[in-house]
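In what comes next, chain A is part of two complexes: it sits with chain B in the first one and with chain C in the second one.
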Partner chain A sequence: MDWILIIVVSVLFVITACVGMIINQRNLIVMLLCAELLFLAANLNFIVFSRLHQDFHGQVMVIFVLAAAAAESAIALALFVLMYRQYHSVDTKLLSNIRG
Partner chain B sequence: MILTWFLPLLLLLLAFFANMMILASHPVRSVLALMGCFLGTSILWLMMGADFLAFVLIFVYVGAVMTLFLFMVMMLNVSRYADDALISRFYRCLIVLVTFVVPVTGYLCLRLYGMQPVSLISVMRTEWGLSTAHLVEFSRLLYQTYWMPLQLLAFILMVPMVVATGIVRRGVPVDAKLQSRSKQVGTHAKDRLTLVNAKKTGSR
Partner chain C sequence: MEMQAFLPYTVLLSLLLPLFSGVSIGLFCQREITAVRISVGVMLLSTVAALVSLVLFYLGNAAFYDVFLFSWITIGDFSCDMGLWIDGLSVVMLFMVSLISVLVHWYSIAYMQDDSGFIRFFSLISLFTFAMMQLVMTNNLLGLFFGWEGVSLFSYLLIGFHFAKDSASAANLKAFLMNRFGDMAFCLGIALLIVSVGSPQYRELFSRMPDLVPETLLIPGLGVVSTVFLTGLLLFIGAMTKSAQMPLHMWLPDSMEGPTPVSALIHAATMVTAGVFLLCRFADLIVLSPILMNCIAFVGASGALWLGILALFEFDIKRIIAYSTLSQLGYMTLAVGVGAFNLAIFHLLLHAIYKALLFLAAGSVIHALAHQQDIRQMGGLWSKMPITAICFLFGALSLSGIPPFSGFYSKDLILFVAAKQAVSLQAGWYIYGCALLGFLITPLYIFRVFWVVFLGRPRYVTRTPVYESPMQIVGPLMILGVLCLLSGYVLLPFFAGASPFFQFPLLSPALQPLQQKVIDVVAHGLFLHAIFGLGLYFALFGIIVSWLRYSTPHYASQWMTTHVWWLSWPFVNRYGFDWCLENIIVPFFRVSASVCSQYGEQVMIDQTIESRVAGRIQGISHWFSRIQTSYLNRYFAVMSLAIMIMIAGSLMGYNIV
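Right after this comes the complex of A and B.
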């Protein structure tokens, strides 16, 4: 069945996002984009299983996940702007100063 | 034939965009690749019958959130350390191999050896066709069963907007010349004008 294919793609999204977070540890923006990809994979799974079980509760959950993702993006972008204003960069190495 | 191959090609494109997102040398390209992922996924959702969510994804997410991302990345000068984030060519090839080449090859092998996938589009047409029954059911759930969480969601969406505005808001500069209405109203004529005797001042 082709729904297995779609689930495979959502698993690929999760793997890609995790690998992306590891290899772009210095780049906060790409890390945030990887988090967005994780949300997208979760949404894809919700819709596939909602479609398989003919149950629309999964699709309603997608609305909630989308809203949470949008809120998270807004806050994160504001924090990035603040960090850029402070350090003139969004490099995660600079955040290690918090350790003291 | 086209319909049968459309889904695998779309999924291939999605995997390609996801790879491009994490391997791009510049964050702007990463954002554009993620926008491609979202657009492809919305097509997938349309094929699966979640048309309302597909349009929400395009209009709200790609149109607003990702555009905000794009503008912010363009505004910040993040290209300076883009080269530092690059990994070695070996790891780059390994990532592409694991997340792109192996799944695609596996799928093609399965397909060549007789596992014929059913086209989701044909399933959609036979079950729902052009009817709006699924939309009615979805709306009933959203606006009747989940009406309270939906209101909470609207509030949750409003809070980050206010918080983000508060975070990035600059305070008033120390040397700023501000207008104070209360001071303006409370002044007297003698405070505004001081008469100086020029002769006396000149004779000093």
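Right after this comes the complex of A and C.
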């Protein structure tokens, strides 16, 4: 029943990430960290279930997800750098041009 | 392996080359010399390909070839395959179109050289040539419609070529709108044919044509109408606008606002004959309804006489020739109406040659006199421009039907057939009388132009002395002049001989004796026949009368319009057709447009929808737009809440997603 524990850990990851995303009002980098945490939770589930079903496809998938996550965070960080150059800050409140 | 296997390729080459040159010049060409080289070279190639197709078809044995190119539309059990319909009619038309087109291209090099829209002009006439070829070569009704609208469009663009001029933009609008009226009827006719036969392909249409005879349609308010009659009538109304028949002809004289090469190519030789071509293409349908044939003959004969008379009251050289075109189109329609389809096409070809010649010769005069079009300001050009004068004379003799020039052959045969059929037609004697009097009127107006323009005292005022036009202008004139002299005699056996070049496959039995009579007349010698007929004497009499009346210095006397004004009044006012258009039809549409604008646009849309409905919606949406806070974390919160609800719902057994 070890895998139940790991699932619980991944659910905790998800909850942490969501809460972090919602209560954090300003910092974009923290939001990115939370998003990475979501990926991590998903990866953990992949590994657990691939172990459980004796199927390697899940672990292969993890590699792809990691690659995608790395690319995504690289792009996100590059955007943050650009934003910092523009506004001298990475505050989400500054990105509110579409407010209704 | 026969040579005829190459036939689709040569036809396709001839068809697609003008498209290529039109598109490439229009989009990419910057320099005038390149435009000339591409378009004239490509048209020449296209003409050669058309000539090869003509010869290949003539040497083959088949009555027609139905070439499949690609499947265009498939919806349920309706399908439309694009392809080529290669038979005598279409191949002859293809060659005629490309021949006139290449000569007009050549002519335009010098005629249009000072114009700022030089490259646009060449692109448009090449594209027009493509549309016309597509119209004649296609093998289904939708392709025919495509070509039909294509020639309308390029005619519109070329009439309004000098679009900054008010009269030109008014004329092209008039032509376009009047053609839309005919296209509406044409569209309905096509739809009716497709519905009653079930396929737009010519192959199915022609083979199932006789099955349509017993079919009828119930029209609310009119009662039961025979399908054949209604379809034929709708197609004929379409042909009437395109070929400018009597009540729908007003756009053609106004279309002379376009440059002269355009008038020669589009409004004399090719596009206006599309209506006659259409009637011949659907000969199998038309012969099934004798009432319709009678109507066609009536309309054609009326146009041949009454519109010809109007040319006598005009002073603009191009408008005179335009009225002459209307009159000759009337003769072609008359030939269709009396059942002589091959004579209609024969006259169409000869008319294309001599009318293009007349227009181009008139253009040569206009060019030499710095865009002077009023014949009262010309005169005495015989010695200054001898080649143009001789070519114009050849064209005029052809038009009048004097042997051995080309017009004689077709006109004499058409008159003969009309005389034979007159007894069996309703209003037959009126039809025959119109055709015969047309023989008198034709030389009267065309020799009026000749005497006034080329003889007498010079009345023009130009800054530079007047010379003969350059080789690029008189070259096409000389070629057309030689063709005028030869074409009638050479082509006669193919169109009216013992083994006609193209047979209309299902000519009704009633018309076969007529065909035989024509063949007999030709076999005994047409000239001999003409000597014992009336037409030739009427034509000669017309020339003499016009010599007596118009070669004098009193050529422009207004005696008739001032002293017997009641007699000339209908002609000076052009029978009131233009008056009707301007004072009844246009105001009617203006009033209905303003009613629509007042109640439809302003009351319905502006006041009701825009201020009430749209205002309310704007209020609601303003309220809703406050949801868009633009804070990422709130968006994320809503998103995760939604996902949680969905998961919870699916756990509770609701099938949400």
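Keep this in mind: the second predicted complex is superposed on the first by the 96 of 100 C-alpha atoms of A that agree within 3 Å, B and C clash if a C-alpha of one lies under 4 Å from a C-alpha of the other, contacts with A are read in each partner's own complex, and residues count from 1 in each chain.
Quick note on the criterion: a residue touches a chain if its C-beta (ideal position, glycine included) is under 8 Å from a C-beta of that chain, and two chains touch if they have at least 3 such contacts.
This structure is a prediction, so every number in the text was calculated from the model and none was measured.
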item	value
Chain B versus chain C, judged by how many residues of chain A each one touches	B
First, second, both or neither for A:M31, with chain B first and chain C second	second
Touched partner set for A:S96, first chain B, second chain C, both or neither	second
Chain B versus chain C as contact partner of A:Q59, first or second or both or neither	first
Partner chain in contact with A:L5 - chain B first, chain C second, else both or neither	first
On chain A, the residue positions that both chain B and chain C contact, one per complex	23-24
Residue ranges of chain A touching chain C (in the complex, touch as defined)	18, 21-25, 31, 92-93, 95-100
Chain A to chain B touching residues, read off their complex	1-3, 5-6, 8-9, 12-13, 15-17, 19-20, 23-24, 26-27, 29-30, 33-34, 36-37, 40, 43-44, 47-48, 50-51, 56-57, 59-60, 62-64, 66-75, 77-82, 84, 88-91
Chain A-touching residues of chain B, taken from the complex the two chains share	7-8, 11, 14-15, 18-19, 21-22, 27, 30-31, 34, 37-38, 41, 44-45, 48-50, 52-53, 56-57, 60-61, 64-65, 68-69, 72-73, 76-78, 80-82, 84-85, 87, 91, 95, 98-99, 103, 107, 117-120, 134, 137-138, 141-142, 145-146, 149-150, 153, 156-157, 159-161, 163-165, 167-168
Residues on chain C engaged by chain A in the complex (per definition of touch)	624-634, 636-637, 640
